[in-house]
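Have a look at the structure below, then the notes.
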Amino acid sequence: MEATMTVERIVEPAFTLSSGPVDAYPAVLRALSRTVLYDFDPVFQHFYEAVTDKAKVALRTAAPPVILHGEPVLGLEAAAASLIARDDVVLNLASGVYGKGFGFWAKRYCAELVEIEVPYDDAIDPAAVEAAFRERPDIRVVSVCHHDTPSGTLNPIDEIGRIVAAHGAYLIVDAVSSFGGMDVHPEACQADIFVTGPNKCLGCPPGLTLLAVSGRAWDKMKANPDAPRASILSILDWENAWRRDQPFPFTPSISEVNALDAALDLYLEEGPEAVWRRHALTSKACRDGIRAMGMTIWPAREAIASPTTTAVRVPDGIDADALLATARDGFGVSFSSGRGETKGKLIRIGHMGRTAQPLYAVVGLAALGGALRRLGANVDAGAGMEAALAVISNQ
Amino acid sequence: MEATMTVERIVEPAFTLSSGPVDAYPAVLRALSRTVLYDFDPVFQHFYEAVTDKAKVALRTAAPPVILHGEPVLGLEAAAASLIARDDVVLNLASGVYGKGFGFWAKRYCAELVEIEVPYDDAIDPAAVEAAFRERPDIRVVSVCHHDTPSGTLNPIDEIGRIVAAHGAYLIVDAVSSFGGMDVHPEACQADIFVTGPNKCLGCPPGLTLLAVSGRAWDKMKANPDAPRASILSILDWENAWRRDQPFPFTPSISEVNALDAALDLYLEEGPEAVWRRHALTSKACRDGIRAMGMTIWPAREAIASPTTTAVRVPDGIDADALLATARDGFGVSFSSGRGETKGKLIRIGHMGRTAQPLYAVVGLAALGGALRRLGANVDAGAGMEAALAVISNQ
Amino acid sequence: MEATMTVERIVEPAFTLSSGPVDAYPAVLRALSRTVLYDFDPVFQHFYEAVTDKAKVALRTAAPPVILHGEPVLGLEAAAASLIARDDVVLNLASGVYGKGFGFWAKRYCAELVEIEVPYDDAIDPAAVEAAFRERPDIRVVSVCHHDTPSGTLNPIDEIGRIVAAHGAYLIVDAVSSFGGMDVHPEACQADIFVTGPNKCLGCPPGLTLLAVSGRAWDKMKANPDAPRASILSILDWENAWRRDQPFPFTPSISEVNALDAALDLYLEEGPEAVWRRHALTSKACRDGIRAMGMTIWPAREAIASPTTTAVRVPDGIDADALLATARDGFGVSFSSGRGETKGKLIRIGHMGRTAQPLYAVVGLAALGGALRRLGANVDAGAGMEAALAVISNQ
Amino acid sequence: MEATMTVERIVEPAFTLSSGPVDAYPAVLRALSRTVLYDFDPVFQHFYEAVTDKAKVALRTAAPPVILHGEPVLGLEAAAASLIARDDVVLNLASGVYGKGFGFWAKRYCAELVEIEVPYDDAIDPAAVEAAFRERPDIRVVSVCHHDTPSGTLNPIDEIGRIVAAHGAYLIVDAVSSFGGMDVHPEACQADIFVTGPNKCLGCPPGLTLLAVSGRAWDKMKANPDAPRASILSILDWENAWRRDQPFPFTPSISEVNALDAALDLYLEEGPEAVWRRHALTSKACRDGIRAMGMTIWPAREAIASPTTTAVRVPDGIDADALLATARDGFGVSFSSGRGETKGKLIRIGHMGRTAQPLYAVVGLAALGGALRRLGANVDAGAGMEAALAVISNQ
């Protein structure tokens, strides 16, 4: 037989620097292994209310948030299905794959979808939103992705929120991969439904959604005859489920709630500002390292680069999949690929939760630089790591 | 101030003998605390395929089952939404709260719902199914709950399956709380969609659905323009997601899959037959104890009593909530209440996974007997425990 | 080949009702899985001091206790080696295998060993201690085992302590298996060295000793040229190791200290009195059940029966090993055997930490009764369980 | 109030790169959280034998090794106390703090101690051992530390072993911090007692010793009337304790044995050669980085540098404690200090078990370089990291 076979034993990565699922905090992993309680046991019912309270503190909302029992795509689909009524005109703001994707759901439920789309390395201009309202004053719902993870870019959510509020429309914000890693909160951006999850910057595994819902959003959903009820997609079913004396519409994901509890404790005990600083510092070190190495970040400009994910443009002549595989096999680091339109064009280094620690930027740069060189690219990994270290040293 | 206040510290139960969420196996809890991997990491992709393979072995199907990332209500709703087309006539078999409940979902998607309903302490008679087909040969889909947990009763699923198959209709089986605790399998009962979950007899926390789907069910779903796609409710999206070289439609619940992996190992290593024996023995000991204590099981006859849950009729003059609270506070045991129509009429002692150990029947009887006596009922707890022990001793 | 082989798969017990190692609390197991820190890391050094402080609160001593890094036999041997000088006359009080055993260590280090020995189902009479001092006023050290676990009997430690103190002698107390399960503390019994461990009533795995040392015991050890130094047997080496700014003489058992931390939290948060009540209630239920079943507890009288272990006399005609094996294989319960002189004469049901929950008494009685009957004994298991339940119900 | 207070919250290190206690493998942490079994339960007794078997495979010995229940200082002291008889002449080889330290124990038990001591950045010359035997043919026991961790240096253990064997003397080897990280085994170096532990390169927490004992060492210990018996220091007590049908002399550290089991699985499944390669590569990358950064490793020459610890000379003008504190506080990395004579002169970067992953060398260099610069040293951190990456890239 001429053919040779190479059977390689695949080992777990030494470092997971993805933009989600993320390497969960050790304390979260331990919480996952807590005894599983019956959901109607009084201890669990009190506990669920207490976790909801902690989430409220973390989200800085006046009203208790809703926990949905599926990863945040559930929350996003549920938001579209619940808030958007069949006669609504929806303005969807698309600056990336996730923002664009939300439009498909919005279209499913609305009368008409209006869209502002910008290149996927750029951000929505609030002026364009203002202009859209001038042109279509009948816009009732606006949807926007704060951090479009597949691009590593941020949208100016607070400005957009002000415009939407001024026009009396409803705002759906996808802050799944930014909340917990920077200063973004539902009431600050005047979101009517603010969707996030514990599985990114809070350092949990995927499995839950956190939803902050404004009073007027509750009213609109209740008035919407098509809003899901008696369904996994229902937000309404869960309105009062956080109360210790109320039943759950269906069985909550006990262990994921245990994990969320631990993650919220970590977040609140370290202090949100301290957590955000870690994310900011790690990403700044990473970006400076990328540039010093001779590479380019994906976002069109520094100001819109996310502190929780650094998207790096794959150099000409390099295959993105080969780059990821080399970083993984040769250096033990698992990065995220691009997704949809950005797939093949960039790779992503996550800085979320546990890995939002400055030296992980150096780890990421080492693996990226080493992998690129193996593939023949001419990058100065040493300069990159040095630049990252300089940022960290001067913190 | 005259009033006195009693502030009691609520402590976790010493024993959780619920019919779900259940006290998970220790090895499952440890698996939950495994490192969280990036879902596109090659190790996770291989792992996911391997877990699917194990689930296939456990389910005894020829084709790989589907894992959905929400507890089994997701799987049930998804099955209704996907398999039932708008021109279908559906026969729903209701012998309890869950069976009846499925009818509401079926009605949402079908042209016409036909229903056979029996009292909730009884089981569906296969002859009635046969009769329904004679009357309505246009029935295309039949849905049935194998173990209607809120009643602790079983339906004759294999006989029903034969009839449905003979008429060329499609069969949806809810075996959520029976699979893993007794000899019930998708192909044996000729189910087209067989919905179960790891969170009952397999001893996992809630968070996933396991679905076995027949080839003709795949075809029917694909032909159904209304079958959910790009949705949390989609089964179709996940058809090939188990393959190591295929992407996930959205992020799977990594830690729950880790738990499922451990639970399947436990199940297959102990041996399904041995696991079922534990469930059968524990429930038999419990039922004999209940009767010897002077109480009555809820199912109309022994033959339809589930081996995974013993539903016990609450004696006249006793308040079910007070009974549960007394067992919990005074004896440290968390039982399940009834649900919907059975709420207030029965309490349930679960025998699932870890708690399907014969002596847990004695624990349950002690707590139940002790609590009943505190509430003034005249029960012979000693005779009950003695009868249970006799069953165990004579195994 | 004619012979048939029965290969039985040995499975883990469903219940561990031993008198040590005990089934650890779930929170302790989770603490064991905490990240392992470098012992000179400032967080660990602060943590170690904090754990010592908690142990001090639990032991109700003025001075910080010493943690030794081996299970309590290390602490006992170290106490003998350190406190007993070569010219000391030692009075050893032996009411069981462990008390007797300590005499062998004492003899190794002292000038002369005087011993009071009583039958191993009885307790030391304080009057005998008083008499010994009259006869031998040169007794310098007295050693006594509070709870002689292999007998399940208690010695009147507070009275003995008063007598020893009145004579100016030093007292070594082995309270390994009683502390944490009842009201026994170093200063209350005037112990100079009080040896206990987290691995019994505190619900930890074995691996550490807790030592409370009086000021005069420190002085005596320092003055003893033979007291171990630079040795695993040294107590002196660890005098200041609890201070965050002091080095450890050798590497402490990090994970065991993590477990101890969690166990002390559980103990102090539930409240020592509440914990003792659980132990007392469980053992009372067990003893009453044993008698109602027609069996006899090992201790000569109820007053000296330990609340943390119920030693049960094996009926005539029954083989103790067969009894243990039958309870284990047939009923899934792991009991403790006797030890040394009591081996073969009794079996022991532990009530320690997690298993000091009243219904575990019923579990133990069921397994014991069932096993005895299988072996042909005529016991009334139902009456036993009923009697235990009556105790629990009337708490 | 004039005084200002700075209360800093101390957080856990992001990276523990110590030379022990080491950051344990996640699978080891999970094993620590296994259910605690009664040591005389048949499952535990079988398990203990199975773990001993795995340890035998890992140690590559013909006879089962001994597990002692305390961290390796226990094993070292026990080896001295057991093997060295009061009329023995002992040759102790001291090339570092630990080697020297063993001499103190040896002296406690022997007739005469002969010592070869070399500077603590150097290694023992086998020729000197040969010369010592010529001068003192009555040497009966030779003791040597393979990897003197406080220096990060290795001794030529195989050559020394050959000489000792040729002279018919007994050899005690301390391989605590090298076994598992490189090719060193008891029979290969002809050790009579080979002391190691799971808490270094096997990635467990501290708490156990592994001892390989030759047949003639067993004979010598048995013939030694002073060899500890009925003591924590006894090796003899444990000779047969590994057998499933033999009792334990005292309670083993159940959870630590669980951890050892998992660690041995990891070691044997990855393959010892692969594990050693990781250690070698990581340390090589680290050493090359140190030099490229403009610093000096502590060992006098590359050939004697340990693959499991890189000891780095602290530059003139830099305070070692300040350096460690800066790396810890400013960069989140916990390194080891020197110890005894090497304290203040070097810092140590551990490469053991989980942290023997090439990119951890980069992490260590980043923290070290960054910290040195903060303290005013002129080091080229970028060049250091680049050099390390070059080693990794060219593997």
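By letter and in written order, the chains are A, B, C and D; residue numbering begins at 1 in each of them.
Here is the rule we go by: a residue touches a chain if its C-beta (ideal position, glycine included) is under 8 Å from a C-beta of that chain, and two chains touch if they have at least 3 such contacts.
Predicted, not measured: the structure shown is a model, and the values here were computed from it.
Within the list B-D, A-B or A-D, C-D finds its counterpart interface, over half of the contact pairs alike by residue number, in A-B.
Here A-C and B-C were compared by C-beta pairs in contact; the pair with more is B-C.
Centres computed as Cα averages put chain A at a distance of 34 Å from chain B.
Note: centroid distance chain A to chain C, computed from Cα atoms, is 52 Å. Taking each chain's centre as the average of its CA atoms, chain B and chain C sit 43 Å apart.
Along chain A, residues 11, 29-30, 33-35 each make contact with two or more other chains.
Within the complex, the chain C residues that touch chain D are 10-13, 16, 18, 20-24, 29-30, 32-43, 46, 69-71, 73-74, 77-78, 104-105, 199, 205-207, 230-233, 250-256, 259, 328, 334, 336-337. Residues 11, 14-15, 33, 270, 330-333, 357-360, 362-363, 366-367, 369-370, 373-374, 381-383, 385-386, 388-389, 392-393, 395 of chain B are the ones that touch chain C when the two sit in their complex. For chain C in complex with chain A, the touching residues are 26, 29-30, 33-35.
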